[in-house]
Amino acid sequence: MKFQIPIGPQHPALKEPISLRMTVEGEVIRDADLRLGYNHRGIEKLAEERTYLQNIYLTERICGICSHSHTTCFVQGVEALLEVVAPRRGQFLRYLVAELERVHSHLLWLGVAGHEAGFDSFFMYTWRDREVVMDILEMISGNRVHYAINTLGGVRRDIDEALRTKILDSLGILRARTDYYFKLGANEPSFVGRLAGVGRLSKEDALALCAVGPTARASGVAHDVRRDDPYGIYGEIPFEVCTADSCDVLGRTVVRIKELGQSYNIIEYLLRNLPDGPVAVKAPRRAKPGEVVSRDEAPRGENIHYIKANGSDKPERLKVRAPTLANYAATLARLKNGFIADIPLIFAAIDPCICCAERTVELIDGRSGRPTVVRWSDLRRRAARRAGRVSKKRNVECPL
Amino acid sequence: MSALKTLLYVFVYPGLVFMFVYSTFCEWFDRKVYARLQNRMGPTHTGRWGLLQPVADFFKLMAKEDIVPEKADKTMFTLLPIFGLAVVATAMLLLPVWHFNPAAGGFNSFSGDIIVLLYLLSLPTIIFFLAAWSSTNVFSTVGGTRVLTMFFGYEVPLFLAVLSPALLAGSWRLAEIARFFQAKPVLLLVNLPGFIVAVICVQAKLERTPFDIPHAETEIVGGTFTEFSGKKLAFFRLMTDVEMVVSSGLLATVFLGGFPGGLVLGFLQFIVKTLFVIFLLSLLRAATSRIRVDQVVSFAWGYLAPLAVVQLFFVILLKGFVL
Amino acid sequence: MLKRLVRWSRIKSPWILHLNSGACNACDIEVIAALTPRFDVERLGVLLKATPRHADVLVCSGPVTRQMKDRIIRIYEQTPDPKFVVAVGACAMSGCVYRGAYNIMGGIDQVIPVDVYVPGCPARPDAIIDGVVKLLGKL
Amino acid sequence: MRIAGFVPELLRHLFKKPATVDYPFRKLEVPKDFRGTPFLHPETCIVCRACERDCPAEAIEIVEVNAAEKRFKMTIHNDRCVHCAQCVDSCPTDAMEMDDKFEISAFSRWDLKEEWEYVRAVVKPKPAAPAPQAAPAAPVSPSPVKPSESET
Amino acid sequence: MNDLERIERIKAVLGERAAEITNPSPQRIFLTVPARTLVPALEQLKTELGYRHLSTISGVDLGDVFEILYHFGYDGGNLNIRTRIPKADPRLPSICAVIPGAVLYERELQDMFGIIVEAIPDGRRLVLPDDWPDGNYPLRKDWKHVRAAEKIPGGKS
């Protein structure tokens, strides 16, 4: 007997609208379908009508969590098309902001994960500490979220000595807090039990389904664009690619926390070795016909922009693929032949903000069309039960 | 005179007026403590220190449009909130405060009132369930089922936990239990495990984290109350607050030695002791993450109930051999 | 007297429902950030509610995408009176950088009436609080 | 469940000052380069329309009121502006500037539109091209009428 | 392994199928493969040379033809496989059999360009709204969007 399950976006409290439809047979999902479009704005078409300069601000607004990674990716590509190279100080600042953004994004993710688990105090504490990063970013760029710091040929603002020391000081606080959360996470068995063994994505699957970012890294796939395809100055920065072998949600959490530490190191390195000089060079407005593929490592994984120029001051084509979409593909295919009970947890694992995945699931009987309602919560309960069994069987060790 | 006293009892203290004032105060206290534990300020600008916040919430809701969903069972939907409030108000009257005189009988103090009180405290759960059921919203329905599932988890341990002090005191009357422990305060320590069990059960009864499963907003929106708005929601909120006061009052009576000392001192004792219990509840709320329904049941039966039973046995042995 | 009481309570206890109709996430994050310790809107009696039935103020962010239009209207209708709508961010006011995109209907006010517009991209949490406070001041 | 792990931290904060800034009663300070609201110095605007061209959000609109008098009207649509300060960077004569106001919420979108009506300014080109963007938010182009960045 | 070696290897493996292969900038290789032989070519590249991480698929409307680019990431750079199909008959073989992760990108192509991806395992609409009129493909160059007039409530105060 086959059912159809649409998930969302009827949920009145949803944050960002997406929808999932699944066909299930008993407990097993036979087919999963993702329905985007609730948040589709048509940015790619719009980009063809805007100049390169305007497009920086447009790509920034693809997403408000990793806004900087999109502009970085875009600007890198356009700089290649325009044949300009950003000065070294400009590049240092650009990637400084990128790493700060990674910190803010991972802290945000931790908080939301806590909130999703009903652990509001944890959420409040991580978000309080996130404000430290937000303040730094605001001081550097003049805005809390859309930093608008990238421009063609460099960055728009410089930092002074006072700010430099201030950031270095703040790093101490952040490091201490991150260590604390690390310990708290490791010591809270209910939290660990909830995450371990859930949403398994084997290394083979992660590779076959082109997963990116922490999702892939938690499956032991050491993909990191910063190292694989070094852009900007990443070739000269020492850092480690953090991976975990547990292939589950817990692994993804661990990878994220470890990456926080790496980011602090990178930030420190960048600030200590900040070269002197200008932060930007002048860039022409028109690009010669040509095409470029630009990639960068956003907090959630590989981000790729394909830009084709036609000689005017507007791109002929801008193709954007944000990391979450790449992971949706992996997740969707994984859902097939998986258990209904696993849906929420799998989603929780790839997604930056889990709140949106909180929808009702409606089971529609394939034959009679009469909807039998299965609730998200039920699914989650089943999921957890299954997870408990699985983890007991495999005796999952906490890698923390 | 006694008629006047009864009237005062019913309407002023601990009756309706006090009930309203104190339960809103307790909600404020709870919210404030919770916020402070999270390094926030909590309600601040509604009245002094935000004291009037729950009152404002109440009146705001009273003045709001009241939507009855089309599919809902209209009578049930409308009556349940009022009925619920009436139940907890009655329960409130059973708390042995004010004219604290164990010798005198009266409508509010009789042998077995502890059982009646516990029974009255179970009713809200049923009312929540019915409310959820009658609103026919999917989220509410889940909420309702969860309410019932949890009910079977925590109710028995709570009964067992409250039973042991009663056994120790050898009475089924709240006032006498309290008096017994006032006479022998050392014996209160004996009941410590029971107290812990009872606090956890009350937390579950009040559906607060980690037991806020029936209205886990990240999972099922507003849960039980998804469809309730306006007055009905206001009543339900007030009802939960009163339930909190009554439960903490009950715990304070049986585990913390009641509220002796006549009008003024007794009143102070009442406030201090209930606030202490509420503080514990808030701390519990802040320190935990939500658990799942099946975990509630297994936790209750796996840990709470055995602990309560052990406590009970211990009390029986104690009573048999030592006293 | 009663009127004043009601008015006072309304000012003191605005419960919000957050509605994203296709925003870039930044405004949403800032709305959530307003709940966290730094800004803590609970000081002012603001609680984030999960269902429109409990809400007084709809805090909308993001331009209205074609797909979300009907849903926004439905949520607006589910909210009991008196209800207010706060449009947070340039998107919710006018569509900002997405103006002219084929899947965008424009700001929230193209679909439901808006009471207060909070500019910013994203609006800072304090700006959002300021918007809500201004709205309350108008009551 | 080891609840106790978190309790000391919680209790510690009970007696600490909350991290909250009591916002509407105590303002938060914005950093010195905060990007607030753009505004125009009409006396230096030469109507080169560079700001209008570069604005990503169609927030700047310049219309000619009277061609003979060279009167122009600029509208900044604050309901569209994304506060990116690109107009400030683009303006060759520094006629555009950002202030640090961000609490500009209004009850009507019309109240968010700011207008200036002015006669086109004639400004001498600045003597030397400043080192491009050495200073934050420095004007990008040295030439007043035709930003040289436009064609290369 | 540097770019040149990679190119040599690709040439060796694909032989005839590699119609054109360029290396416009370091870490970027562009390879043109005819649409007919796309799937076997990808298969070979995957099994023999290990190009298995598909980043995304881009479509470009070049007037009479659609150009489709498959962006593959590898350790140290990026391989972009280009293929062209006529706009009059926009048919493209699905590569999901080789790269299972490609399905969302292929669905996006269908939505946005009206390309018919043959044998796609799941061809439902992905990004466009439910009430989107059929036959409108936003990313085609000849498709223009007419803005609806914006009405600002209230008058000037």
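Order of writing sets the chain letters: A, B, C, D and E. Residues in each chain are counted from 1.
To be clear about the criterion, a residue touches a chain if its C-beta (ideal position, glycine included) is under 8 Å from a C-beta of that chain, and two chains touch if they have at least 3 such contacts.
Note that this is a predicted model, so its numbers are computed, not measured.
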item: Distance-maximising chain from chain D - centres being C-alpha averages; value: B
item: Centroid comparison with chain A (C-alpha atoms), farthest chain; value: B
item: B-D or D-E - the one linked by more C-beta pairs in contact; value: B-D
item: Between chain C and chain D, centroid-to-centroid distance (C-alpha), Å; value: 24
item: Interchain centroid distance [CA atoms averaged], chain B/chain C, Å; value: 35
item: Approximate Å spacing (C-alpha centroids) for the pair chain A, chain D; value: 29
item: Residue list for chain A, restricted to those that touch at least two other chains; value: 12-13, 37, 40, 42, 45, 54, 57-58, 61, 121-122, 124-125, 128, 131, 143, 146, 188, 190
item: Shared-contact residues (touching 2 or more other chains) in chain D; value: 1, 6, 10, 18-20, 22, 56-57, 82-84, 108-109
item: Junction residues of chain C - those touching two or more other chains; value: 36-38, 40, 43-44, 50-51, 65, 67, 78, 94, 96-97, 99-103, 107, 109, 121, 124
item: All chain pairs that touch each other; value: A-B, A-C, A-D, A-E, B-C, B-D, C-D, C-E, D-E
item: Chain A partner contacts - residues on chain C that touch it in the complex; value: 17-18, 20-30, 32-33, 36-38, 50-52, 62-63, 65, 67-68, 71, 75, 78, 96-98, 100-104, 121-122, 124
item: Residues of chain D that touch chain E when the two form their complex; value: 108-111
item: Chain E-facing residues of chain A, complex; value: 31, 33-37, 40, 42, 44-45, 80, 207-211, 223, 225, 228-229, 290-293, 295, 302, 304, 306, 308, 316-317, 319, 321, 325-326, 328-330, 332-333
item: Residue ranges of chain B in contact with chain C within the complex; value: 31, 35, 38-46, 50, 52-53, 55-60, 62-67, 139, 217, 221-222, 225-230, 233
item: Residues of chain E that touch chain A when the two form their complex; value: 24-25, 27-28, 30, 52-56, 58-61, 69, 71, 73-78, 80, 99-105, 112, 122, 124-130, 138-139, 145
